[in-house]
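Can you keep this structure in mind? I'll have questions shortly.
Order of writing sets the labels: A, B, C, D and E. Residues in every chain begin at 1.
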Amino acid sequence: MATMSDSKTNEINLTEPMITRPFRVNRAIKDTHDTFSLELTPSGNSNKFDFAPGQFNMLYVFGVGEVPISISGDPAKQSKLVHTTRAVGNVTKAMNKLKAGDTLGVRGPFGTAWPVKEAEGEDVVLVAGGIGLAPLRPVIYHLLANRGQYGKIALLYGARTPEDILFQKTLEKWRSRFDFEMYITVDRATGNWKGNVGVVTQLIPRSPFDPLNCVAMICGPEIMMRFTVLELEKRGVTTNKIYVSMERNMKCGIGLCGHCQLGRTFICKDGAVYPYSQIADLFTKREL
Amino acid sequence: MPQETDKKISHYILKATELKSLLDILFQREYHVIAPSIRDKSIEYDPIASFDEITRGWIDHQKPGSYRLANDEQDRFFGYVVGFSSWKKYLYPADKKLFEAEMDTKNFRVIEDGTAAPKYAFLGVRSCDLKAIEILDKILTEGPYVDLDYKRARDNALIIVVNCTRAGENCFCYSMGTGPRAYSGFDLALTEISDGEKHYFLVDTGSRSGEELISELGLSSASEDEIKTAEKAIEQTIANMSKILNTDGLKEKIWANLDSLYWDEIAERCLNCGNCTLVCPTCFCADIEDTTDIAGEKANRTRKWDVCYTLNFTYVHGGSIRTSCKSRYRQWLTHKLSTWIDQFGMFGCVGCGRCITWCPVGIDIAEEAKQLIESS
Amino acid sequence: MENLERVLSEHPFFAGLQPEYIKLLVGCASNVAFKPGEFILREGEPAESFYLIRHGKVMIETFVAGKGSIMIRTREAGEILGWSWLVPPYKWHFDARALEVTRAIALDGKCLRGKCDEDYRLGYEIMKRFNAIIAERLEATRLQLMDIYGDHV
Amino acid sequence: MAKRKPKLAVWKFASCDGCQLSLLDCEDKLLEVADSIEIAMFMEASRAVIKGPYDLSLVEGSITTPHDAERIHKVRRASKYLVTIGACATTGGIQALKNFRDVDDFVSIVYANPDYIESLNKSTPIADHVFVDYELQGCPINKNQLIEVISAFLNGRKPNIHSYSVCMECKRRSTVCVMVAHGTPCLGPVTHAGCGAICPSYNRGCYGCYGPKETPNTSSLASWFEKMMDVDDDDIVRYFRTFNAFAEAFRKESESHET
Amino acid sequence: MRRKTIKVDYLARVEGEGGLYVKLDGDQVRDVQLRIFEPPRFFEAFLRDRKFTEAPDITARICGICPIAYQMSAVHAMEQACGVEVTGQLRELRRLIYCGEWIESHGLHLFMLHAPDFLGYEDAIRMAKDHPDIVKMGLQLKKIGNDIVILLGGREIHPINVRVGGFYKVPTKKELSKLTEPLKWARDAALKTVEWTSKLPFPDFEWDYEFVSLSHPDEYPFNEGRIKSSKGLDISIDEFYDHFEEEHIEHSTSLHSIIKGRGAYYVGPSARYSLNFDKLPQVAREAAKKAGLGKTCTNPFKSIIVRAVEILFSCEEALRIIDNYEMPDAPFVEVSPKAGVGHGCSEAPRGMLYHRYKIDDNGVIKDANIVPPTSQNQKIIENDLAQFIPENIGLPHDKLTWQCEQIIRNYDPCISCSCHFLKLKIDRK
């Protein structure tokens, strides 16, 4: 039996994509009442974790199980791997209890990436709903780090309530930039909320991007993405420039277990990020 | 895995009485020989330890939802077509431990499962099943990620095909272009001829390993007549194959009927029990199961055959995507006959008929596909 | 008056409306401004007008004892506030409050209803525009009700 | 830091004791279980009773008497998690056969002096009375599944217990299908997995002791029995009316064949 | 006058639910009640209208501890009704599966339920802290018993492979031979167990019981034989109801099985042992002798030694059967239903278990009666208590209570089996 020591984890992981790699939790951050981020220190030779914005990892809590979680950190900071998720299931709830110094298993990165290269020279509109902001954050880091390459950048973000807004500090920082448009709306609010109330799609008509020269990236619940696509189309964005991130029951992460099949694609392998035009016909098929 | 020979296929004659010698060589070479034997009134591919365990003198009668063995008047070794199991159970086992992990206070350690697959010799692989193995090769070894366990088992496996000289009632390999004869991808291929007087095998070689076996056996080359006899037997098989699935435009026709009401009709009969997928030689879906001991100090990860008929299969926080039975049957059929082509460039169905025979209520993929298209 | 006419014709709501109708509408229009926190509409009061928001932000809300003000939707520049003037019994269903300094053009509902009754073509143009708004709000409301970011969709 | 051992309690209602015996039948694991949890209340095994509340209660048996109908509420109140084990606790068990008949008849058949028998009209599952955190099906339950449920609860994960058909386990262990190859009626396609598909491996049709699986299409199976296997209505009623007779899918199917 | 009651609300370490109520007046025992509040489950009622082939599976559910006993009594009764006799290797396999149940059930009772009483532990898990080797040995023994039942029956609780006429599938010689080595270990362990139990502290408590058990001319009884007693009863099983009846005692409402005209009797290991000592294999007889047992055992506390002897016997018997095994041609004898009455009586680990069925020509059960061992022992248990308590009245209350419990546990009562006990009403004056 081969024992997987830290020094050769990388090598084994490449050949045995089903074997998880133990990573150390560097910091556990509570984002909202039910969402949290884990900052992991990659193990192995290089202490670096290379990924493209939009990719996900299979995270394994010892003894509890494994779930796909998108990477939410800065792709340029390879020594700091960040995931953000909501504590809803057993695994994510157990993950929420992890503290600095604990160990978490990582397999990945898997899946396709947001089209940051294709978007160069164009306006970029990012539409996020709920926890869907997490997989888009690496894109924003990338866009802002390479600000000169892009036209207008707009983030349209819908959350449930003001308390559910993710990454508040980061958003504040971005809000103060003049080269970054940000619109946030919540589904319901009480008290002192001075921002927008209403669904995220209502932000689309008024955000200042050029529909003919833009790339749109959407991440959120499927129904929100469906409505968003309609609204973007209404503004004249062509569907091959709209990208969506899909979600299904991913188990292996490498397209070999069949659980995340969506028609002719496996989401873990062919997605999770798709050009909308590629899956438009699958998008509204029931129980596919 | 058979290595391509530089020569074209050669033909030899193996007398029925010499089949034992072939097996003896395999045993000598320390192959784990898997061959058809009878278990609980069905043909099953089980490990055998001696030639005597190979079954002889049986044919099978298969109907939707029914399988019965009967005596073979010609007393052949391979008079039946296929049993319910397929070779995937050796190449891609139903339960496979992936790793163990141990926790010490805060860190855990992963211990890979080091058990390697044995060196198999498969005797009696039918052409449809050979195609099924090729499909699994494509999926499990030619994508961006390789299932190394599969690949290792596959690389070491010796494949002896038996071409079909009898068509089962549920066979439709000819429609799917997967049989009844194999042309490549094997080490040896046998065509059994038993006409009352003579009983022998025409042996085709498909690889260097195959050639080596033949030369060790010292077989004589086949005559033109003998080659023709075998060809005729196979032609007869095609002529006798009554089940037909018209594959012209099948992929598109199935896809165009996603919202057909006919799916509801199937759903009334479908038990969503999963038998069709489990007996399918190409279905590869698997579940990844993580378990622990009571103390929470040891954990295991296992891969298990899964089927697209369960609610859990598409479970995403709080609910299943495919809640209705019809959507689950639809998923299976459309995958086999339509989306599989998009994914892997081939049908996911090889026409072996197992899913028809072993469906407890006889749902017939070929018939349902036909009805579905005609009902639109 | 010329100023109002220009403002009306440039407002997205009236885009494409014939100039003679714009002229007609000016007769029902007036400039209004609200300070932050100031009520624009009050639930239950007669709905006698609607507003083309030119600048600022308005919150549509309702007040529930024990929960306070529940915010339903915000409206911003370029958007329309209020359509209860169009449907009997012509009473506001919600409160609307300015969140920031808000400038708008108020259109007198009674006046407008009269003009629409006289000229069905104008009526149809106005109806089409409100229809789109009502449909959009209905869809948005559905989404909001589904609580799509909650535990279960 | 030493963790406080979670407290386990085992409760019995109308039953044969077989399911709680499964815990004692975990010979290899029993002492391991006892190391990880405090067996605080388990009358079949110990005269020591440690007071509640309990972290995990395993409840065996169905509710058949007014006294038990009250007692189960006390159990619920004393339990953080309540897991029912076995067919009696999850579907009313074999004693739910009386649910289809007049209970007074039953009493008079068995007892000379019926007046002393205090029994409710129906044998009902625990979940009819109190909230149940998890139901482990089977008559009897599978001890490995019991260990799995206990370790899942202790480790805060979802038990790896599947509600799909017995066929899944049958085919995975590559047992020949008794229905297809032998013509033996088998409830496997509509029955909840968990036993390991024992019966077919002994050339016997599944008799449904694990109760209905998820989305069971009992009517399709029953009509195949009738049309293709010459099974009459009386026997179909008997098939579906055994150890999980009162489970909804089985109950409805049996009722629809009553002549 | 000192009034005192001993009350055990829930009897622990017995299968099923029972309690004990004893009323004392000074050292006079006014009342002893072994209370059964196992809810009624009406097996005899819902067996009606079922097929005769279903009886083994249905009656197995009466008791999860000794399902084999129920299955055996049921199949024998049905076979008798239909005029079929199961012989040869199939009969041997039935004995073998019974060996498994005895080893398992006796192992459970001896190590897990009974032994802790003698050593002052509340349960075997606590006992394991001080005597890990003994408890582990017990668990291992029990496991081997279960392994026999699993192999022949499919699973240890409610086995699935027993049918009227034989089995659904019989094992190959190779499969059976896998049990040989573990059984050899078990035999040694059983020998040690006999020795170990013989050294436990036993109260001086003897009684002139009427022992009742099956008795067979050639073998230690499992499935077949005549019903004999130590006081001269010798009847065929068909005659059960001619000689036994279920009596209604005035102070109690529970049914007590008695021998007509004579009263209480004792079933179980000590009864079997005392009536069939000669039929035990030599190794068992010798071990018993070494352990200080005579040919009879009249101290109910010493039933723990007898159980150990029976485990030893079962291992020996199982090894004999496996050694001589040849796979039969068919796993079962075809049994066609025939209207009639059938009786079945076999020796459950805790004593004689009697079944009687009336079936019609289609094999539909018209009437069913089941007399489980615990119902037969109930009166004798109460008698033991009534005798024991006045002699030990000086003991502290807790200790006395515990000893009363131990007296009940001497009988390994299985209250779930007591499918037709009545709920007890307490007579308060």
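As a convention for this text, a residue touches a chain if its C-beta (ideal position, glycine included) is under 8 Å from a C-beta of that chain, and two chains touch if they have at least 3 such contacts.
Since the model is a prediction, treat every value here as computed from it, not as a measurement.
Trainee: Quick one: which chains contact subunit A and subunit D both?
Mentor: Joint contacts, listed by label: B.
Trainee: Count of steps on the shortest touching-chain route from subunit A to subunit E?
Mentor: Between subunit A and subunit E, the shortest chain-hopping route counts 2.
Trainee: Name the chain pair with more contacting C-beta pairs, choosing from D-E and B-D.
Mentor: Contact tally favours D-E.
Trainee: Please identify the chain with the largest separation between its CA centroid and the CA centroid of subunit C.
Mentor: Most remote chain from subunit C, centroid-wise, comes out as E.
Trainee: Can you figure out the chain closest to the middle, judged by Cα centres?
Mentor: So the chain nearest the centre of the shown protein is D.
Trainee: When the C-alpha atoms of subunit C and subunit E are each averaged to a single point, how far apart are the two points in Å?
Mentor: Whole-Å distance between the two chain centres: 86.
Trainee: What's the distance between the Cα centroids of subunit A and subunit C, rounded to whole Å?
Mentor: The mean C-alpha positions of subunit A and subunit C differ by 37 Å.
Trainee: Distance-wise, how many Å sit between the C-alpha centres of subunit B and subunit E, to the nearest whole number?
Mentor: Each chain reduced to its C-alpha mean, subunit B and subunit E end up 51 Å apart.
Trainee: By residue number and range, which residues of subunit D touch two or more other chains?
Mentor: 155, 157, 203
Trainee: Which subunit B residues reach two or more other chains?
Mentor: If we look for residues of subunit B contacting two or more partner chains, we find 290, 292, 296, 317-318.
Trainee: Of all the residues in subunit E, which ones touch at least 2 other chains?
Mentor: If we look for residues of subunit E contacting two or more partner chains, we find none.
Trainee: Taking the touch rule as given, give the residues of subunit A at its contact with subunit C in the complex, in rising order.
Mentor: Touch residues, subunit A against subunit C: 88, 129-131, 158-160, 164, 185, 187-191, 193-199, 201-202, 206, 220-224, 227.
Trainee: Please name which positions on subunit E make contact with subunit D in the complex.
Mentor: Residues 10-17, 38-46, 48, 50-51, 54, 57-58, 61-65, 67, 108, 112-113, 122-126, 128, 135-136, 139-140, 142-143, 146, 154-158, 160-161, 163, 167-169, 248, 253, 255, 331, 402, 405, 414, 416, 419-420, 422-423, 425.
Trainee: Could you pull out which subunit C residues touch subunit A in their complex?
Mentor: By the definition above, subunit C touches subunit A via 57, 59-60, 67-74, 76, 78, 99, 136, 139-140, 143-144, 146-151, 153.
Trainee: Of all residues in subunit A, which touch subunit B in the complex?
Mentor: 1-4, 12, 15-22, 24, 60, 62-66, 88-89, 101-103, 105, 247-249, 251-252, 254-259, 261, 263-266, 269, 285-288
Trainee: Name, in rising order, each residue of subunit D that touches subunit B in their complex.
Mentor: Residues 29, 32-33, 35-37, 147-148, 150-152, 154-155, 157, 160, 162-165, 167-168, 171-183, 186, 188-190, 203, 214-217, 220-221, 224, 228 of subunit D touch subunit B in their complex.
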